[in-house]
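Next come two complexes, and both contain chain A; in the first it sits with chain B, in the second with chain C.
Then we have the complex of A and B:
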């Protein structure tokens, strides 16, 4: 499933890198502890977090995540967006809390089409 | 003493302590270098994880640090030497969840006490030595096919 499909299905607000929404999503991970995400997420995952500072881009880039979804309408900082554009990591915003958006992404990824 | 130099690649980087704006920049460089050298993806991924965690530790706690990356036949070695407070009890520091991070570091999602565990788990060989008041020395080795 592509990032674009998740964006459309869940009405996510795309904050940057719209041209990267064709990336394939292989799974997802939810977490705010960077070492947890570093150790346990995988390449191609969509990462759901409340962290908005620029260090999330380094983690997503090193782990080759398909994108980042910020929860509870959290807004990325300007330097986060700047780094995300450089690293070509799409950042999206959802108005839902982590539990709900994770459930919706999980259902999309595991639903048979 | 006669020592043969079998290094296929060697490069050093410096890390500035306390500068979270650039945190991850050295690991990102290491990852792209290893990729360009044609190192297999799973080895690159492990190297990225261990170098990132070590880099964040230097940024979080030390004044500065040096990273030496060496690619040898059969292995990638990442050495991190910092000028920092040192670790009084390495056994305790290696326990998952143990952290001395302050609130500022924790609010950013660092300092969860998982960094050294990630390093240990993703290295094939990991050595750590530390001297209080002087600094910490890590040697992480990842085997290549």
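Then we have the complex of A and C:
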């Protein structure tokens, strides 16, 4: 499934890198401890988090995530967006809490594969 | 002449909900003197009202650095140390505007403001155990703007540390030093975090119990135990430095 499909299905607001929505999503991970995300997420995952610090881009880039979904309408900071554009990591925003958006993404990923 | 001073730069008082109530200014100073400390920093969670009373209790027997342990938006514990009370009070005003909720004494503990004579001046009702909505980057800038030192606390811990919350330390982060908890210590910390060689390391007791004061100490080579000398030691100026 492509990032674009998830964006459309869940009505996510795309904050940057619209041209990267063709990336393939292989799974997902939800977490706010970047040390945990670095240790346990995998390439191609879509990452759901409340953290908006610029380090999220470095982690997503290192782990080759397909994209980042920010929860509860959290807004990325300017330097986070700037880094995301450089690293070509799409950042999306949802108004749902982590539990709900994770459930919806999980359902999408498991129903189509 | 330069001399090695014993410094414990992260001590809580009874104002922190998780600290014991017997950590009032007078007791804290007495214990620090018993443990032969030369300089301590008072760092309560998101609060600083007891710093002035610890300074009053210490008179000129012990050097007191007024400070605070701020919880950032990312839930990183960040120490802010200052040379005097006015800049700390300015920072406290900002923290108060960005910290929400009320304390629940039964769950989190009492937050007592106690003077140098051991008299209760008041109870802080803010949710000091909570997090501010200020990002670590903004806080580091603000601390520096007020002439203070910004030091992420216990970076080796698995909770509330810059490494647990933010994964790694960016070279541009602007921290003045990094604190390693007593469990790991500076020597082990150097081995564990070789990529952070550019930063000075401190180790402190992070005392929440009176008996823990001085259990982890950083020896710092300075002329006298003052904030300005500490600042020089952290940037290795004029022979001042941390003895590892």
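The rule is simple: the second predicted complex is superposed on the first by the 111 of 113 C-alpha atoms of A that agree within 3 Å, B and C clash if a C-alpha of one lies under 4 Å from a C-alpha of the other, contacts with A are read in each partner's own complex, and residues count from 1 in each chain.
Simple rule for what comes next: contacts are C-beta pairs under 8 Å (C-beta built on N, C-alpha and C of every residue); 3 or more make two chains touch, one makes a residue touch a chain.
This is a predicted model, so every value here is computed, not measured.
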Open item on the list: Should chain B and chain C be called a clash or a fit once both complexes are overlaid on chain A?
Closed with: clash
TODO: Return first, second, both or neither, reflecting whether A:58 touches chain B, chain C, both chains, or no partner chain.
DONE: both
Task: Partner touching more residues of chain A, whether chain B or chain C - done: B
Task: Partner chain in contact with A:5 - chain B first, chain C second, else both or neither - done: neither
Open item on the list: Contact-wise, after the overlay, does A:77 reach chain B, chain C, both or neither (first, second, both, neither)?
Closed with: second
Open item on the list: Is A:34 touching anything from chain B or chain C once the two structures are fitted on A? First, second, both or neither.
Closed with: both
Open item on the list: After the superposition on A, what does A:43 contact: first (chain B), second (chain C), both or neither?
Closed with: first
Task: Partner chain in contact with A:26 - chain B first, chain C second, else both or neither - done: neither
Open item on the list: For the superposed three-chain arrangement, which chain C stretch in 42-50, 114-122 or 168-176 runs into chain B?
Closed with: 168-176
Task: Interface residues of chain A shared between complexes with chain B and chain C - done: 32-36, 38, 51, 53-55, 58-59, 79
- [ ] Flag every residue of chain A that touches chain C in the complex, lowest number first.
- [x] 32-38, 51-55, 58-59, 77, 79
Open item on the list: Please output the residues of chain B touching chain A within their complex, sorted ascending.
Closed with: 20-21, 23-25, 27-28, 31, 45, 48-49, 52-53, 56, 108-110, 112, 114-115, 117-118, 121-122
Task: Residues on chain C engaged by chain A in the complex (per definition of touch) - done: 73-75, 135-137, 158, 163-168, 170
Open item on the list: For a test of understanding, state which residues of chain A touch chain B in their complex under the given definition.
Closed with: 32-36, 38-39, 43, 49, 51, 53-56, 58-59, 61-63, 79
